[in-house]
Amino acid sequence: MTTTTGYQAITLREKPTVVHRIRGLELGVTGWIAVVLVVVFTIMAIAGPALAPHDPYTQDLLRANNPPAPGYPLGFDYEGRDILSRVLAGARTSLLGPLLVVILGAALATLLAVTAAWARGWWDASVNVVFDFLLAFPGLLLAVLSVAVFGKGLVAPVVALAIAYMPAMGRIVRSGARSETSMDYVTALRALGVPARLIVFRHLVPNVTPLIIAQATTLFGFALLDLSAISFLGLGVQEPQPDWGLMVNTGAAGVLLGHPAESLSAGTCLALAACAFTVLGLRLSRRIEGR
Amino acid sequence: MPEQTPPSAVVVDGLERVFGDTRAVADVSFSVVRGAALGIVGESGSGKTTVARMLMGLLRPTSGSIQLAGVDRSAPPRTEGERRERAREIQMVFQDPYGSLDRRQTASAALTEVLRLHANLSRQQRDERVRELGDLVGLDKRRLDSLPRALSGGERQRVAIARALATGAPTIILDEAVAALDVSIQAQVLNVLRQIREATGVTYLLISHDLAVVRYLVDDVVVMKAGAIVERGTAAQVLASPEHAYTQQLRDSVPRPNWRPARRTREGAA
Amino acid sequence: MFRDFLLPKVGMAAITIFATSAVVFGALYLAPGDPVTFLTKGRPADPATIAAITQQYHLNDPLITRYQLWVSGVLHGDLGQSIMFRQDVTTLVGSRMPTTLWLVAMASVLIVTVGIGVGLFSALRPGKLDDSLMLGATLAAAVPIFVIAIALVSFFSIRLGWFPTFGSGESGGFLDRLKHLTLPAVALAFAAVAFVARITRASLREEMDKEHVRAARSRGLASSDVVRRHVVRNGFAPIVTVTGLTIAGLFVGTAIIEKAFALNGIGGLLIDAVSAGDFPVVQAIALLMVIVFILTNLGTDLLQHYLDPRQRRAVKE
Amino acid sequence: MAPLLSVEGLVVDLPVRGPTGRTHHRIIDGVSFDVAPGEAVGLVGESGSGKSLTLRSVVRLLPEGAEVRGSLRFADADVLTMNRKQLNALRSSGVATIFQDPRAAVNPMRTVGDFVLEGPVRAGGRNRDEVLREALGLLTDVGIDRPEQRLRQYPHELSGGMLQRIVIAAAILSRPQLLLADEPTTALDVTTQSDVIAILDEQRHERGLAMVFVTHDLDLAAAICDRTCVMYAGRIVEDQLSSTLHDAPQHPYTAALVAARPVLDIDAGCELPVLRAIRGRPASAYEAPSGCPFEPRCNHAEPACSATRPPEVNSGCSRVACFRASELRGILALEVETHA
């Protein structure tokens, strides 16, 4: 129930404690599971390669596609490498790419969107045209195209996706910043003689930051999907480097032979990570909207 | 010796503003003596807020002139320096107490930000000044250290008033500043506004559709309709015995004891 | 209507298509190194091949002329020669098109029926089932579609043997094709169905919370009338837009699905061409996909405009 | 005469999501009042007093998850136990609601005609042509020119005042016995307000309709209602004939409300008195203390006031919930003297 008469004026006035603050995030059970998963994956991305019990690169064709053995709980891949070690080592490449996409994309989008919302006029119109134009390129297509031009690997797709995601982030930030600028406090600050750059960076940007964080979390999930697809298609991370998307691909042959462990474990990690970030992103957005 | 006329705080002459095909403000002239209070009365679409925005330098007049404390301020400020200068001459309190404060900033932080910009004070002096301003509008230390969300509508309006005073501006525009408040809260804020005027000699420009509020707070009024001034005079005289039919109609429309609503039209005027 | 709305919209779409063509064309020259080396993928080429490429790409002409020649070629259906297949790109893409169109069509049916259906159901019946459906949809939309593909194959094809593991069945009849493309279409539509379901529900829920719906209830209108005349009618526009754009976006998704199921559509062709450095094919397919996207976008814009009287009338006056 | 609407001991709790999970907040805390056929009753209060929610409870138009207790009877039927069908019948022909903002209350995607006819035709099951004829006449009555053309237009093409008059006409068209008006003029300009109020008053009298009128403006309620109930913190603190409310308030809150408003009619030469502001801010039922909810803000409070909740005491035509009502009568009249 929103914006009508008397009865929505319900606010809580207790002094918030730490417990209240955490509860106040109102993430719900699924939201908290997502938080836990995000923490786990972050640890994996940082320490994964060090946690790997075996060398993820050591091949032993005699053990190719072998089932789990003592010390090798997930078994062996098609070249006889330890799947668990490769999953752990693959966390870093799999998660670092999306992180860079989001950081790069969010930074560019925020800069354009906030300045556009503030300046209005021709600058706003041009930024809008750029966003509209970029929207016509699905992220995956732009990433594939970048590989066609610049060659296989993660660098080109990461930059391409950052550009492709700009409008998704930029439009939300722009409309958020616009509704901020249309509020009286911004007019008041102008009338108070506060310099434009201070209004933008001390008031506008902090007030849209929650939006940026929520949207970045969601986009991280999308970037993970698109980048892993690039690797799955053989256009991104190359063998023998461990990467989840690539492992789903290399494991596909095993699936047909009844050895789904490689595809399955890497695929599960991807799915869990993407779900966790998406759910968390949605919960955060919902919370922002609820305010 | 001839009696000296007190200096004018605001002089507006032949002010006009056109948006596209519509004249939002047409040939508006008035002046306010320093320390006096002028009410600008009108309904939505009367152009009263457009006048305020031009006075604040947020909007460029199509034609006409604005003088603040004897200096020509017809054009909006162009540089940050000019903007600050204008800020020290005139300030504004907005209608919506929920939108006129940055929700991430405590009341004292909002006041400090303004003081840092407009007054050359040491940290200690600044804190002292924040407390003084708080006292003036009736906000204690606990309230000053609160975020807007912990304050009621009336308390937020007090913060906005204190913030306007913080630049040292001798003239303050009150744009429907009490319209959104509950009756009991409205009275508190109205009294604060009167006390401030007595204590500081500040000049008010009160923009309001509420005749009783206007009557309570100002000396003189102008009545605006469709961008133009239709009647002017002292508040007591204009509001008690209006001469223009529109002012009369406005007055007749205010509910009060033994009031009978009058039906104006048979056909729907858009 | 035409001058104030249609013209700018169509004009904007045309400009976007034009700019897209420039990007797709110009991409070749963004590549590091010499275009000839790029186009031959660094393989040592005999003078005849180099001459042929130089001639085909008019590499001796200025860039603008090259672009003009390329655009006029595209407009005449000449998309160049595939280096990999030594075949006319238009013919090549044309021959791969049916599989992709089938795939997208089947997936679209799923999106429209299941996606909008689940969204509607969920919106109208708040409760535990709705909550779990939406959580399911959120999760489903976040699973990579190639993981879905592998999971479907390993379960329905390998374990149960219900569907073939790969091939598009284009040599067989209608039913054979259906059988071959069912799993790919399901995999392709999986995330999109979930996404459309969520948007549908959100859009309808937002409408249900509006005061005019409460006002309609206050007049004693039957629930079905309220939903049909006020909720669905008003919440429909964003659903149409999102569904349209999601379906247009499926073309890119076919790249993954066709690789996963070894189908010979244009998505798979795009990836093969990228891997093989067959740039004319990449250009052609990329251009095609973006144009489909832009035209769909235009279509939904027009539909939106038609559906919303506020926009319709505002322009007229 | 048997009351048309009888509300007794109404309690409404609304769900809230707070830091400690889902809880309920009490918004209405034991409201009782009757409305006789043809009678107009005003519900007046500040924000959070529960006046709008009380109104919406009458046709059970409550937010999801709201908990309602007490008794609500319309024409001797129990509203709280009605099934869907009975409730729709009540809403389509017994009670009509007029909302605060006509822009929000009319579907922007459908024509005005669709809005006007939808109620009587679809919900009321009446003949479309006959309703249309009646509607055209009614629209003229409420001051809409060229009604045929208006019916073909969309809401955004009409002014707020015109739209609200159409909403009023649509409400009357369903031939109700009771009108519920939820701050119907708050979103309008002053002159438009008086116009719309006049039309509402005129139509109501012509047809002998009962009305519950919610507003924050005491004088507005008093002007068009026979009786006025002043609400505070989810309770009715005073229920009075409108004609005496202003001169002889019985509850300190009513008197304070009157005294807090600046007055327009004051002699030119007179020094304007400082307003008597009420300290603190309005409370909702769930944040009010256990005794008299107004006690923390009341100038006449005694220790006893904070101990228990004052009962509602009837005396003649009025009802008041204040321990000191009888001893304060003279003092309160003095407090509002300058305003009378």
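Labels for the chains are A, B, C and D, by order of writing; each one numbers its residues from 1.
As a working rule, a residue touches a chain if its C-beta (ideal position, glycine included) is under 8 Å from a C-beta of that chain, and two chains touch if they have at least 3 such contacts.
Predicted model only: the values in this text are computed from it and were never measured.
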A-B or C-D - the one linked by more C-beta pairs in contact: C-D
- line: Averaging each chain's Cα atoms, the one nearest the global Cα mean turns out to be A
- line: Taking each chain's centre as the mean of its CA atoms, chain C sits from chain D at a distance in Å of 54
- prompt: In whole angstrom, what separates the CA-based centres of chain B and chain C?
  reply: 55
- line: Whole-angstrom distance, CA centroid of chain A to CA centroid of chain B, is 47
- line: Residues of chain A that touch two or more other chains sit at 1, 4, 13
- line: Residues in chain B with touches to at least two other chains are numbered none
- line: Contacts with two or more other chains occur in chain C at residues 211
- line: Per the touch rule above, chain D residues touching chain C in the complex are 59, 61, 64, 84, 87-93, 96-97, 99, 101, 104-111, 118-119, 122-124, 154, 156-157, 174
Field: Complex contacts: residues of chain C adjacent to chain D
entry: 126, 210-212, 214-223, 225, 229-230, 233-234, 307-310, 313-314
Message: Under the stated contact criterion, what part of chain D meets chain B in this complex?
response: 46-47, 143-145, 150, 158-159, 161-162, 165, 189-195, 197-199, 201-202, 216-220, 222-224, 246-247, 256-257, 260-266, 268-269, 272, 274-279, 281-282, 297, 340
Task: Going by the contact rule at the top, pick out the chain B residues touching chain A in the complex.
output: 56-58, 80, 83-88, 91-92, 94-96, 99-105, 113-114, 117-118, 149-150, 160, 163, 167
Query: Within the complex, which stretch of chain C touches chain A?
result: 12, 16, 19-20, 24, 27-28, 30-32, 135, 138-139, 141-147, 150-151, 153-154, 158, 165, 209, 211, 249, 252-253, 255-256, 259-260, 270-271, 273-275, 277, 279, 282, 286, 289-290, 293-294, 297
